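Shared between the two complexes below is subunit A, which has subunit B as its partner in the first and subunit C in the second.
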Partner chain A sequence: MTAVTTMPPTPAPAAKKKHRPRDTIAGWLFTAPMLVILGLFLVVPVGMALWVSFSDWTGRGSPFSSNVAFVGMNNYKDLVAGGGLAERDFGTSLRNNAWYVVLVVPIQTIVAIFLAVLVNRKVLKGRGFFRTAFYFPSVTSSVAITVLWLFLFGATGAVNKVLGFLGIHGPNWFQDPSGVVHNILGAFGITQGPTFLTDTNMLGLPLWDWLAGPSVAMSAFIIMAIFTTSGTFMLLFIAALQNLSGEVQEAAVIDGANGWQSFWYVTLPQLRPTVFTVVTLGVIGTWQVFDQIYTGTQGGPGKTTLTPAYLSYTSAFQSQEWGRGAAIAFVLFAIIVFFTLLQRLVLRERPLSRRHRRIYGGPAKGAGK
Partner chain B sequence: MSTTPTSDERLHGAVPTKTTEEKLPQRSRAFLTGTSLLYAILAVIAVIYIGPFLISIATSFKTDANAATDPLSLIPQTWSTAAYTKLFLNSDFPTWFTNSVIVTVFVTAGRVFLNSLAGYALARLDFRGRNIVFAGLIAVMAVPGVVLLIPKFLVINQLGIYDTYAGMIIPLLMDAAGVFIMKNFFESIPSSVEEQARIDGAGTFRTFWSIVLPMARPALITIVILSFQGSWNELSHFIISTQSPDLTVLTKGVASLASGQLSQGTQYPLKLAAAALMTIPVAVVFFLFQKRIMNSSDGAIKE
Partner chain C sequence: MRRFTSRWLTSGAVAATLALTACSSGFSGTSDTDALTSSDKALTVMIGSSGDAETAAVNEAVAGWSASSGTKASVIVASDLNQQLSQGFAAKKPADVFYLSTDALAGYASNGSLLAYGDQLSNKDDFYPSLVKAFTYHGKFYCAPKDFATLQLIINTDMWSAAGLTDSDFPKTWDQLEAVSKKLTGNGHVGLGMGGEYFRIGAFMAQAGGNLMNEDSTKATANSDGNVKALDFTKQMLDGGQLKFAKDLGAGWGGEAFGKGLAAMTIEGNWITGAMKADYPNIKYQVVELPAGPAGKGTMQFSNCWGIAADSPNQAAALKLVEKLTSKSDQLAFGTAFGPMPSIKSAGDEWKSENPGLVPFFSAVDYAMSVPTVKGFGDVVTDFNGKLESLATADPKVILDDTQKNIEALLK
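And then the complex of A and B:
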């Protein structure tokens, strides 16, 4: 089956330089519907929203009518230097989402690799069952999972029941705005931050609050994200593992490497391109938390599950601050682009790993099943 | 690096060495323990991944009181179908379900056609401007969906298709990833057959429709699965494109249930019944095409 999509493309008919006129007409006709839809619902909208983010449109009438004024960078200034509620909300949403990204991306990547290695053994009964089980949460809708999560993580829900068996008194998950890092520090008797942290503000929020960690409520969403996405990424890692040549692995084992060593020094370096893909997709996805918040907490408790995506939505559709909502969306876009590029710099393939790949051989023939 | 182990390691290491034959009894016991441990770990993880869904189904058959006092048990104390009765007879749930079906069918059919059309053109037709179109598609794939919420609303509103099926369906037809999948597929099949057809005088569309498309069944099924899942589970687009109760789809409706807009108290059996019901269609498609789903995702994202 993989042959469908992973086969190397046959060399395009590049030999003939001249475009056949018949092909040109057909080519444009064939791609026209997709291009029109893309233009109409992607390119044009982005342009319109860009204008709205520089305007004081309140959602009434057309954003291009004469009584809508150009306000320059004001909407953006309100967000990053306004000193008001808009700035504090935006800062809070960035803090919440940043913790979400920092925790979800590495954990889901590690869990995905772990699951893939577990189910990729050649001698494993019920391989298909386990793969299906681990992947199933990924196909269900975020709304259904959120409803389920609200129940499982309720004050007297299933999770607290299980924790109760272990002698742990579980928190009231979705009602608890306290930051996890603050709670840990609190356990050691530190309840007040040093003054240079409490007195220095960034985006309307004291640094001490930036370091609060995800709230308990957000932690439940973090667990949910790992639960729902690790299966998808597991499939990517399984595909990558099946493309590795078994010979290198065997050679390592014969040379005396134990299981851990051969995974750490032989398998993992070869998985580098997939890790890059998974981390990139992870970062892009985790900065866009919306469905869960809309369905579950609407930003509460204490605004600790507010995310930029949800804030952008409420600013525009509920508060009618369309300019601000659009501005938040573009800042979010910039953040995502920035982190994607940053990662490309940090995690990009080094010459070393390319050498590894050459030495360790290309994809094994027929390994893809 | 451990590529050159000491002789000591070679003698005492628990790793298989060239002397596998002699060490078999001792090794097989270690192997057995390892295997049992592996299965134990796998079983625990499987319970964690599947358990929540079983709990949700079980809870949907419980009474409100039972669900609150005993959230973990998989067998209701007293079986109750009150949640389902209420959903089907006393709520907008049937409307939501119908709307979801309508949107999903149109989006899936539309995507299958448009993706394969565009994918074929990009893979096979050597037309002027092909590279620009291709670069455009890549750029489009980089735009995060959430950023488009407000922009899409603006255009839908401007076009006068807000709160209509057209506004719900047409924007969702955009699917750059699907075009990619089809393009990759068409590039992987030999072009000799269609060349023959074209030499015989068949037009481009005719060649595409009656010769190429039937060969593309596996890839088309992949598109069907992805589109079905994507449009069935879509939420944000419907939030910004509709407001009337008549056009509410499942995701939006169940989300409104969850935030308690329609109900008093917690009513978890009702909410979980709704969540379970909306999961059934994707679950069915998932189990029907399991093999293909498991294998196709690595083609969707090429490295």
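And then the complex of A and C:
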């Protein structure tokens, strides 16, 4: 009830604004160029693509011309319930990319924190050199790195040579479509999944194939992603580490925390906002992986490096299925938004639980802010 | 199919009506065969070039036509041909004349981007019938074949004689191919190393009387007996160890495996000669016809054509340019510059006498089969290729049944 009674005063500030129209005009004027640019190059194309995903546009002429028809959810239906090649390809691409995300994001975040802590230590000599060295892969173009990777991980490439010295017969990396999880299970003699996994299909792909893990070829890309992006995120963590106050650290040391404890209980919780940023950027980046696939494998071997972003491109430009290509892009968009929100929920700032409050006796609300 | 045939029969009347109502729907633009657009606008020619030699040759030919006809024309070398063509079609400002591959034909033809001008070519009857068929979609001859390529057997002559084989041992049957492959395997190389995809293994399918679709691309024939036989034979050779796919030899394609001496024989097209000259000049080799299978001789043929855009403002001039580019003199000049085989019968003998070592490639024009033209076929081939990678451990019939289903879905 109090909310209702306090309602009337709220329009007051708006009314006040009306008395100063010149400010409003100036405000719009200053933002106008950016609004026009964003509208023209972002909102309109996204809107067009959204329309294409609901239309039967064939790629000739404007998608808004009179002979392009609205086909409802047909393009989306083909992807998730079509029962054909389109659905299976989409399922395969989601499977591949999901494994890529699941492996790349946590590992690159952990490696980035680890590197940041290492090069942030004042006792380390030549810190500048190491920072540059770790960051270097991030400034190199992904196409160049992919080409480098194709050589390194060739059948007779450097990686296999090194493995050879260790007595390991290396795989033919970029040509090997076998799933890593399947290979590990195979080493224990499990080559055929239980029937409830092999007979149940999701998006045209048996559950057993969903669990295949990244293919050996995709694993090479996973290693590459970790190699290239850890340096970028290391930089973010270094910046965050340098912002931390030394006093908290000293207090921890005086309280008798050892190195690991002070990192785990003192430093890491303070890095939470940076972890959120890094994981978010990581999830967005990894779900959109395209350049490596385009320059490297074009989805092969055995479609195990096919990703939704690349599938969207080939559906449109090679198969002339423009509606389907656009639909894939929007499903991908939805996936990314979903995971970003999920993470926000998981990593949000929580007030201390009653149990923790009892242990630490700290302030109950606004802790860590 | 029937729908399109009847449309074709009545196209004259339909086209006239549609032209009058100015309702340029996707189909009307292409069935409008009689009236070519004509203007004094300059032409753009978009090509996907294999290298400097090809670019220079096309540039020269187009410039020559431009000088004699008085119509300006410029050549654009695309870095990603399909993508740049698509952008042009979407913007309704496409290149006027462009390279077009058989697998891209169906997609662009079905959305009306292409002018079906084949029947208006003055040199129409000079083209090899199998090539005309390759560029016929829904009963319409769309575009003039630019040149063609076929697959044959390439033999490393040093390894051949080292294994005690002579010219009389060139394989004529599958059994002989398997026998010589066995003899040639050893000393760090396999007998036969080839690409493991449809565009190579398809040669065996042709020899067994199969292909993924029938000749008119109207029916899926992926799980036919011939195809099963072909894959069974390939699998048998893989199991025996005398055949390996290029990727398993650590090579990107058959030519690389062959050039690096990892394989004594390979199945490749005439483009291999360029690669051998540039990258592996020390390897001595000979081209022979592939062995005959259960259904006789067979191989695959690939071709590009000169597409003309339905939205081109100057189709009449574009047609004249294409006629010039497919003429005997131009095709022979291209042949000398970068090696393609001419698509017209009248240039055949001359090309053969100029390239005696490559005659087996040329002879295949009489019996080679083309890649089917149906929209979405590229996706099916990609899927099929993915499955062929694991042919050594898979059941050929299962692979072909899957592919059959995928093709049938395209025809619905």
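What we mean here is this: the second predicted complex is superposed on the first by the 318 of 369 C-alpha atoms of A that agree within 3 Å, B and C clash if a C-alpha of one lies under 4 Å from a C-alpha of the other, contacts with A are read in each partner's own complex, and residues count from 1 in each chain.
By our rule, a contact is a pair of C-beta atoms (placed from the backbone, for glycine too) under 8 Å apart; a residue touches a chain by one contact, two chains touch by 3 or more.
Since the model is a prediction, treat every value here as computed from it, not as a measurement.
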With both complexes superposed on chain A, which partner does A:85 reach: first (subunit B), second (subunit C), both or neither?
second
Determine, under the contact definition given at the top, whether A:169 touches first (subunit B), second (subunit C), both, or neither.
neither
If you stack the two complexes on chain A, which partner ends up touching A:62: first (subunit B), second (subunit C), both, or neither?
both
Applying the document's definition of touch, where does A:329 land relative to subunit B and subunit C: first, second, both, or neither?
first
Kindly classify A:317 by the partners it touches after superposition: subunit B alone (first), subunit C alone (second), both, or neither?
both
So, does A:299 touch the first partner subunit B, the second partner subunit C, both, or neither?
second
Which superposed partner A:122 touches (first subunit B, second subunit C, both, neither):
neither
See if subunit A has more residues touched by subunit B or by subunit C, and give me that chain.
B
Overlap of the subunit B and subunit C interfaces on subunit A comprises residues 62, 154, 156, 316-317
Residues of subunit B defined as touching subunit A within the complex
1-5, 9-10, 13-18, 38, 41-42, 45-46, 48-50, 52-53, 55-56, 59, 67-69, 71-72, 114-115, 117-118, 120-123, 125-130, 133, 136-137, 140, 142-155, 158-159, 170-171, 173-174, 176, 179, 181, 184-185, 187-188, 190-191, 204-205, 208, 218-219, 222, 229, 232-233, 235-236, 239-240, 250-251, 254-255, 257-259, 266, 268, 271-272, 274-276, 278-279, 282-283, 286-287, 290-303
Considering only the defined contacts, which subunit A positions touch subunit C in the complex?
58-62, 67, 84-86, 88-89, 154-156, 172, 175, 177, 299-303, 316-321
Mind pulling up the subunit A residues that touch subunit B in the complex?
1-10, 12-13, 16, 19-20, 22-28, 30-31, 33-35, 37-38, 40-42, 44-46, 48-49, 52, 62-63, 115, 118-119, 121, 124, 126, 128-137, 139-148, 150-152, 154, 156-158, 161-162, 227, 231-232, 235-236, 238-240, 252-259, 261, 265, 273-274, 276-277, 281, 284, 287-288, 290-291, 294-296, 298, 309, 312-313, 316-317, 322, 325-326, 329-330, 332-333, 336-337, 340, 368-369
Under the stated contact criterion, what part of subunit C meets subunit A in this complex?
25-26, 82-83, 86, 89-90, 92, 104, 107-108, 110-113, 247-250, 311, 375-376, 378-380, 382-383, 385-387, 389-390, 406, 409
